[in-house]
Amino acid sequence: MIRLDGVTKTYGGFGLDVDVELGNEITAVIGPSGSGKSTLLEIVSGFETPDSGSVFLNDRPLDGVSPEQRNIGMVFQRPTLFPHLPVRENIEYGTAISDDEIRDLCELLEIDGLLDADRSPETLSGGEKRRVSVARAIVTDPDALLLDEPTTGLDEPIRRRLKYELRCVLADLDIPCIYVTHDQNEASVVADSVAVMRDGTVLQQGSYEEILESPRNEFVADFVGIENLIRGEIRETDSGRTVVDTGVAWVEP
Amino acid sequence: MIRLDGVTKTYGGFGLDVDVELGNEITAVIGPSGSGKSTLLEIVSGFETPDSGSVFLNDRPLDGVSPEQRNIGMVFQRPTLFPHLPVRENIEYGTAISDDEIRDLCELLEIDGLLDADRSPETLSGGEKRRVSVARAIVTDPDALLLDEPTTGLDEPIRRRLKYELRCVLADLDIPCIYVTHDQNEASVVADSVAVMRDGTVLQQGSYEEILESPRNEFVADFVGIENLIRGEIRETDSGRTVVDTGVAWVEP
Amino acid sequence: TGKIELLSAGSLSIILGNKVGESFEQETGITFHGEFHGSNAVMRFITSGQKSPDVVVSADAGLLRDELQPDYTTWDVVFASNSVGITYNPDTQVGRRIENGTPWYRALREADSEIAMSDPDLDPLGYRTVQMFKLAEEYYDVDGLAQDLINRLEIDPLEAHLLAGIETGDRAAAVCYKNMAVDHRLSFVSLPDELNFSNPEYADHYAQATYTTDEGTTIEGTPVLYNATVLTSADHPGNGRRFLSSLLQNRDILSENGLVVDDRFPRTDGDVPEGVLP
Amino acid sequence: MHETKSNRTGFNSVFGGDYTFFGLLGAILAVYLLYPFVTFFAGAQGNGISVADFTRPEVISAAKYSLTTAPISTAVATAFGVPLAYFLSRSEFRGKLLVDSLVILPLVLPPVVGGVLLLTGFGSFTPVGQVANSLGLTLTDSYIGIISAQTFVASPFVVITSRAGFDSVEEYERASRSLGKGPVETFFRVSLPLTSGHILAGVALTFARSIGEFGATMMTAYNPHTMPTQIWVTFISRGVYATLPIVAVLVTFGLAVVVGIRYSGK
Amino acid sequence: MHETKSNRTGFNSVFGGDYTFFGLLGAILAVYLLYPFVTFFAGAQGNGISVADFTRPEVISAAKYSLTTAPISTAVATAFGVPLAYFLSRSEFRGKLLVDSLVILPLVLPPVVGGVLLLTGFGSFTPVGQVANSLGLTLTDSYIGIISAQTFVASPFVVITSRAGFDSVEEYERASRSLGKGPVETFFRVSLPLTSGHILAGVALTFARSIGEFGATMMTAYNPHTMPTQIWVTFISRGVYATLPIVAVLVTFGLAVVVGIRYSGK
């Protein structure tokens, strides 16, 4: 479980102000660019220090804990495979594991063909690079996993396939996974729950269905892809009942 | 039509020695790495000068003609889109064309969505980059087109799709296209005819079917993917008839 | 044993650095370190606390006394003189005319190129050059000679650079000390004692010629007198005195290299310590 | 990367991590490089150098000569050095390795020796010097002499950095050539924009080196005095601390350009 | 890119194209830089400099001192300059822009002025100099003095090039940190291998500058003579052409290292 407790961060004209709790499931963080998604990841991973507030990982406060001591895996927008190391040494960079373990993991991610000899990461395709970078992150058995738009730059069919497979792999880990994306469709496929961000704050958090059913405001509705939004005026607000005039006749069948 | 007439080129331990004629069709040049495929392209495009012999394009000798005067389009292994120019300016780099023309071309290559505003080539997916680089080359209406492993580094599904589409686009151009690949399957899908290279020479040239039916030697057979090769000894060579002892009983059904 | 550090006028670099220094090292086993700059730079290094040698040698006896007495030393020994003259490149118009017997002042005055001199604002050789021209105007009785020659002058920063210009073909002629031309194996025209600043007896005559620096200080002509001292704060004062003594005994080396060493030297100033004078 | 506020330690790593190890090692060099400036400026204050000294005529004159030569030397070095770097990056010829190495010679050589060599090449009585003289040009002790010394000493920087840039954009040039553009058009439309960062870095270094050039300038053009020459003259005639105004002006100009170009490139 | 045989023109572009435009412009600078060497060596021949002059004791002694100081200065500059570059690339702190600019100051300053400043900081009568003296160390006119001058003048090169390298590998370091490796391990396993090209280039420049350093060395350590100081001394006492043997040796050493590092990097 990851908890951000009154976390704020200001620089330039931008301010982040977040108070959320993320369980052992896959949470998609969506929102337009500049909404603070990447900054959120940087604070959780420890590459940025919040101005105030604290981050907790399984109730352990992470104040003053440096990135390498947090045991939080990361998958970056660019795959950042170490170009001077062969694929296998990339995967084993964080921890040395047995031949059997690495074989199993790579079969799961369908990259077992890349372990041979001294294959350089520069010879890999875009999709292969992403898979290797996921393998490299989860092989260290992290307590949480952060993914920053891990399918960006891939062609659509590869992207589609990768996100379904990521869904399966991440769900099996049973740790908090924060999956940043700007694509609500990707969020709906990969994640158990969704957090919608704008201007440095989390507007709404919940399962995709919850948000679809009752978006907190127009922005959220728009962003999660609700297209049948009907504008109206609130006429009456009774206890438990709201009468809305949408200007459209409505006939109960 | 491209003709290489006694073209030789030596450097280091490597020597190229080629004598071929390539018609207004797609010729796949296949062969292992180091067989001289890329050098062949460099000589045709004018980036390398042969030690002896000449290259002819539609019977015009290209001796002393610099690359930019040959009117030969190129698609490189790396897409080499100019990073400082938006996608549209990349496509129009060689020649300015009308909105309609560029729209038609890009629809054909399914990249019309990328022409908007100032989209930078760095934001494109691998497949999109290749398509833009093909568009950039053919928009100048070249007299020949050279492609150097244009699908390398792409994920398999994207690669499969791109090669089929390249097949269609290139066939319509009705100019000589030299398509270098190390993948015989890709050659069979894209090309009308195939030239197999090894150690700087063209071992055999013809349609894929011809080569499959009568490979000149074991290397060619191996390289074009014939797996039912049966070794044998020549017993008799009569006029028009060769009796081969394969050591296997053969019963005419 | 131990070592000795010398800070000296650049024009003595061969004599002191190679010849006297080497023989001193061999005789005494004392490690000799010589460092050579223009005399003004030498004084500047000492008075601004950047260098603290044992022995200081100046190409201008007055300069050393003005700058170093009484804070850094209380005495000195004048051990030689030098003469100012003309060095030239024989492959130039000026050089050819001088070799053909044209008087030096006519050759220079009618030269087709600039004549090099040291910087009169920084270096005694520089202002002596100007003063020498003034003396020459009277001596040869040629009106306007001094100003004509001064107009032809091009300033080189340090004594040694003058000769670089002659050697490399950037300069036709330059005014320099005799020993410099000897060291560099260059052609040299000697001047009469009335003009060459070598004779201490002509001190009053030399003093008639003056130069005013761009700082506004007026300098009178003085004989070229090389003097030396051991600094009060020297780390190796004993070695320093031994070096001076050795210098005063090696008169042959000095004269072979173009310096004037006759019975007028050495001349002392202040209380010279024991063991310096032979 | 955004700038973060300083925290308790005074240092705040952008990685939230501990860079003390590197900071301590690096601080040794930083202190070593900066300490002499501190003692110098502190000493000058104690020696009564005042603001008025900054407007002394020789300070203004030296600044004028430096500012009218260093930019020209930089422009000359760039105008010829960038094509040279490009030619070396693109062409093969007999003896290329030699030319390639020799153009960095002035970097290895002490500038004062470079100055002597320039005199052997361009002095008044050398063949080149005589031709120039007959055209009314003086190659030594003149504006030309200053520029010639600065260019000799400083141009290797722009050549080296540009060459590294050009070596990295060859593929893009092939693309341009195959699209019908000749070498010159390709150079201006592709190579130059893609290597502008490298070139600017070289221009900055060349300018810094030019404005600080003393050794070679002293030999080829003691007159008129540039800032470095004037620093030397002032040092000899008036001592270390009297040089403060020119040192301060020189350092300010040099740093301004280097820092300016560096940050404009980002 | 493979080397091609020369063709009729003598030049053979690897692009089969016409680089005359660049070649002609570039040749002007190349000739300008090389011509003084030619006149110098030609002049020396005419002045009877022989092979025997290369084995004169002062040539051998100067070569010895240079070769035992320049590598140490380069090592010191690298050992402290690379961490400094890394710290500047990774950390934010008050006054960083200042430190960042000031470490390139020695590049702008004429070396002889740098030498004067070093004397104001480390001379025998300064506080630092007195502490060193009491420990039996002499900071001027000694091995330490030579190394101190060379390090001051040459270290900015390795700092500048390494900094550029480190600025480009930040993302890889984040990956390493997220995989549990601390800053020091990350530095040695990721940052250093990925920036070795930049660092080597800086080391080469620093070495070239160190071995050719004269201006500052003359001030802080006129003795013992390094090659550049010996060139100066020979020049003063015996003239321009007598310096040829040391100039040749100096240039050979400097170039060998620069070229060696350059080609080993490829």
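For clarity, chains are labelled A, B, C, D and E in written order, and residue numbers in each chain start from 1.
Everything that follows uses one rule, which is that a contact is a pair of C-beta atoms (placed from the backbone, for glycine too) under 8 Å apart; a residue touches a chain by one contact, two chains touch by 3 or more.
Computed from a predicted model, the values in this text were never measured in an experiment.
Common neighbours of chain C and chain D, listed by label, are E. Taking the mean of C-alpha positions as each chain's centre, the chain lying farthest from the centre of chain A is C. At the interface between chain A and chain B, over half of the residue numbers involved are used by both copies, so each side presents largely the same positions.
The chain pair sharing the most C-beta contacts is D-E. The distance from the centre of chain A to the centre of chain E, with each centre set as the mean of the Cα atoms, comes to 49 Å.
In this assembly, the C-alpha centroid of chain A lies 82 Å from the C-alpha centroid of chain C. Between chain D and chain E the centroid-to-centroid distance comes to 15 Å (mean Cα coordinates, whole Å). Chain A and chain B have centres, each the mean of its CA atoms, that are 42 Å apart. With touch defined as above, residues shared between interfaces to two or more other chains in chain B number as follows: 47, 66-68. In chain C, the residues that reach two or more other chains under the touch definition are 50, 164, 168. For chain D, residues touching at least two other chains, in rising order: 3-4, 12, 14-15, 17-18, 116, 119-120, 122, 126, 174, 177, 182-183, 232, 235, 240. Chain contact summary for the complex, chain B toward chain D: residues 45, 47, 66-69, 71-74, 76, 78, 80, 82-84, 93-95, 133, 136-137, 140.
Across the complex, chain C is touched by residues 116, 119-120, 122-126, 129, 140-141, 218-219, 222-223, 229, 232-233, 235-241 of chain D. Residue ranges on chain D touching chain B, taken from their complex, read 171-172, 174-183, 186, 189-190, 193-194.
Looking at the complex, you find that chain C touches chain D at residues 38, 40-41, 44, 47-48, 50, 89, 91-92, 113-114, 119, 121-122, 154-157, 161, 164-165, 168-172, 213, 215. Taken together, the chain C residues at the contact with chain E in this complex read 5, 10, 13-14, 17-18, 33-36, 49-52, 160, 163-164, 167-168, 183-185.
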